[in-house]
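You will see two complexes here that share chain A, one where it goes with chain B and one where it goes with chain C.
Let's look at the complex of A and B:
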């Protein structure tokens, strides 16, 4: 008697759910497809190494709806920064999903990182932290933006390439010896995706993007950045470094077409 | 007068009209884009007309209202084109999400379609509609996409009597609804 009534009750609940929550079921299906996509990317990008969702080791901040799909600001926070060796930024539904891989050197403060990226369609964006022990942890944000990879870069390719390789480095405040200082590095570069069509000639501009950036402070590495077509035009990266009060900062950048640029910046405390 | 100028030039005239009104100090307004007589042959991305002769233009609410009639959903959004000299070691893995149940014919709205492709397109539409020319159809891609306008034009010319053009496309749909991963229709191929 008791069992029957329980079962009836359970069936009643299931029935109610099915009737009133059909959209939820549809959403679950869409979510499953996105999760499948992520698992597929994990197997390609991380050779099937386990990637564990985390609430603590890495956090991602991105606008829920981007104003400009070709210029979406992303902030990564790594609260337990001393454990972090590198971070990956993966834009799941971009055709080239890996946007950047940033490895922190001894002069870095791996607590946070900012980047600007292109987003091609409504997508999950995954941030993956690699610990010094070699384990991988992920955080995710959903971003509504579309057309970022094919958005034309300006009136002409030549115009977009003007001043290519020029760099600027800005400190949020004067550096103080022994303290972490926030810096933003900007490099002038079109970062052509290869998916941008010239509306007049109807030709695609070949991909030309920053492949590698190395930031050193004195003789120590701050960051090694492996970039890709998903980085925005004029790539910018915000990072922190630990000042020793006197050294200069050097940046070497190169692109996939053999371009190579170097700049040095005075970031000493009495600057 | 405008019509006499023909298709590609009418766009230029419009640009001039807008430009002139801006320079003469008149309030800046976007001029109405006129329907070309045939298929649009200009740049595929850009402002589109608000009408499509022989078809109904619908917004998201109207599409949702139409869904119970099980219209054939025709997505003609382009497939992402792999950059020619993308280095080998880069993972190229495009994906296309659409309105659930949509049939995807990437690039079927091109002004010039290979005859073989056109045959496949019409044959597949024949199958999807069960040969019923009065079955509701909805063509779409993304906003400012002449491809969906052209595809609608093709289907009207083919004799379909209930063609709906949804210019908001996937972008508008996914504002409020889920999208589903789709692959190009069988035999169509991943053409751009």
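Let's look at the complex of A and C:
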């Protein structure tokens, strides 16, 4: 795991471009194209609000080269967590760049978030933090991956859909009252991207993905997650919540085809 | 089992081998990108120079493949492929990693025998083993595969071809050939003077692994259920793989032709080394999950096989941890 700076990325390009380009031109061009792409996305996703690069408000960790393009683990950290209202994960060159928008509720500890995503090609991945004041700050990592969005969800569509909606919640350690506890929420769902072709029928499996997940703790919201096709099959999200000793954490998930699932988990401190 | 009336070749289904008895059912088969890393840039080096065929005795010929990713130079020829010459014809034990690789294999067969290729066995869905099948189409052989191979090829065939086309000339990649005879549990092929026994496995290396035993010589063809020297790659079920290994051990084969590694090895010591890696992978991944480590944090924590001299360890191990984690986190 490493954070890729723009400079490291540029060095990578020197290594990979054919020799008819001089390295400097290649760097400049690739850099400029990626920056142009990002500016397009900013205007499309954030309605031309200013997005300011930050070294402090949000950090993104991603593998420099994806081992499995259909399941790339991403970690976001927000050191000044009390300032953060929500985060966006944007995979610039994916067909649907916005992978997820996660809004933190009062029961959340917004210090970190883990997600697993599909990455289709060599691309910048941007993490954007929205502060409670409504300002946007970004961090970026460059990831080399290939074919993540067309990689199938399972041996067959039917197989991939087995157990759809089943959920698990795993705590990294027993929760303690008043303390932040790390949790991973897993849900079985194929998250079909719409780019997965069945060779026999020559048809693409229609996109079917988790569109919304709401995690509540007692009567308070922990997270609201808006997802899309870039979340990996069987989406999993790692987050933190502050335990107050109450019993139950509830999750409601729904997909774009009208599927809706609910689960409740006992996360009490003495469990 | 389907019998193809056109071929004149006969495959007998046999009922005495039970299908996977491991009692486990993994409902979750996720997107697996590839059996090999195609993130790597194509090698634009010199013309193809594949390794030669080894005569391992008793009419068995194997191409011992290098431990490499698919490149322009090796033409995707990175798996051990070969053929068995029987009295009545030839059986191909995996047709190769591309059309070009399959054509080369076919030319090597023609150097050694005038007998017809009657059977082409596709051991599993991975492109380094089965994309060469198209090279044998005009001999109208029986294409044999696991009963789940067709589905797997439907789901992944195009994806594999596109990725390989990034490395090879598109014309060298090869069309997808589907099995025209499927093995449900077990089957036998009679080459006249020797019987080749097929076994369809439960989820293991992939979800469609087919292995073969050359009964007369006691030679097992485990394909990618056995990796030697090259780190195993997991694309099916880790626990299933360990269970299917026990089925192979019951056969007590003297020697085996691994999917990757030397052309022929003593079965048990080679399998023991692989089992050691897979078991450590399972144990350490379970421990990481039990300790509450996220997938990100589990990657550096699971060090199974490190320093064990496995080729391509850096390229595949972490990916194996991802596969193991996403299987075992639902236990």
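The working rule: the second predicted complex is superposed on the first by the 249 of 271 C-alpha atoms of A that agree within 3 Å, B and C clash if a C-alpha of one lies under 4 Å from a C-alpha of the other, contacts with A are read in each partner's own complex, and residues count from 1 in each chain.
Going forward, a residue touches a chain if its C-beta (ideal position, glycine included) is under 8 Å from a C-beta of that chain, and two chains touch if they have at least 3 such contacts.
Bear in mind the structure is a predicted one, so any value in this text is a computation, not a measurement.
Once chain A is used to superpose the two complexes, chain B occupies space that clashes with chain C. Of the two partner chains placed around the shared chain by superposition, neither chain B nor chain C is touched by A:79.
Chain A is touched at more residues by one of its partners, and among chain B and chain C that partner is C. In the superposition on chain A, A:162 contacts chain C only, with no contact to chain B. In the superposed model, A:30 lies in contact with chain B only, and not with chain C.
Using the contact criterion defined above for the overlaid structures, shared-chain residue A:53 touches neither chain B nor chain C, since it reaches no partner. In the superposition on chain A, contact is made by A:146 with both chain B and chain C. Legend: residue contacts after superposition of the two complexes on their common chain; A:121 is shown touching chain B, with no touch to chain C.
Legend: residue contacts after superposition of the two complexes on their common chain; A:106 is shown touching neither chain B nor chain C.
After overlaying the two complexes on the shared chain, residue contacts for A:204 are found with chain B alone; chain C is out of touch. Working note: chain C versus chain B after chain A overlay, options 8-16, 26-34, 62-70 or 170-178, clashing stretch identified as 170-178. In the superposition on chain A, the residues of chain A contacted by chain B and by chain C overlap at 144, 146-147, 199-200. On the chain A side of its complex with chain C, the touching residues are 1, 16, 61, 65-71, 73, 75, 114, 116, 118, 144-148, 150-156, 159-160, 162-163, 168, 170-173, 182, 184, 186, 188, 196-200, 232-234, 236, 238.
Those residues of chain A whose C-beta lies close enough to touch chain B in the complex are 26-27, 29-30, 33, 37, 40-41, 44-45, 93, 95-98, 120-122, 144, 146-147, 149, 193-195, 199-200, 202, 204, 206-207, 228-229, 256. Interface residues of chain B facing chain A in the complex, by the touch rule stated above, are 43, 45-46, 80-87, 90-95, 97, 100, 142, 171, 174-175, 178-181.
For chain C in complex with chain A, the touching residues are 27-34, 38-39, 41, 148, 151-159, 162-163, 166, 176, 207-208, 289, 291-296, 299-300, 318-319, 322-323, 326, 329-330.
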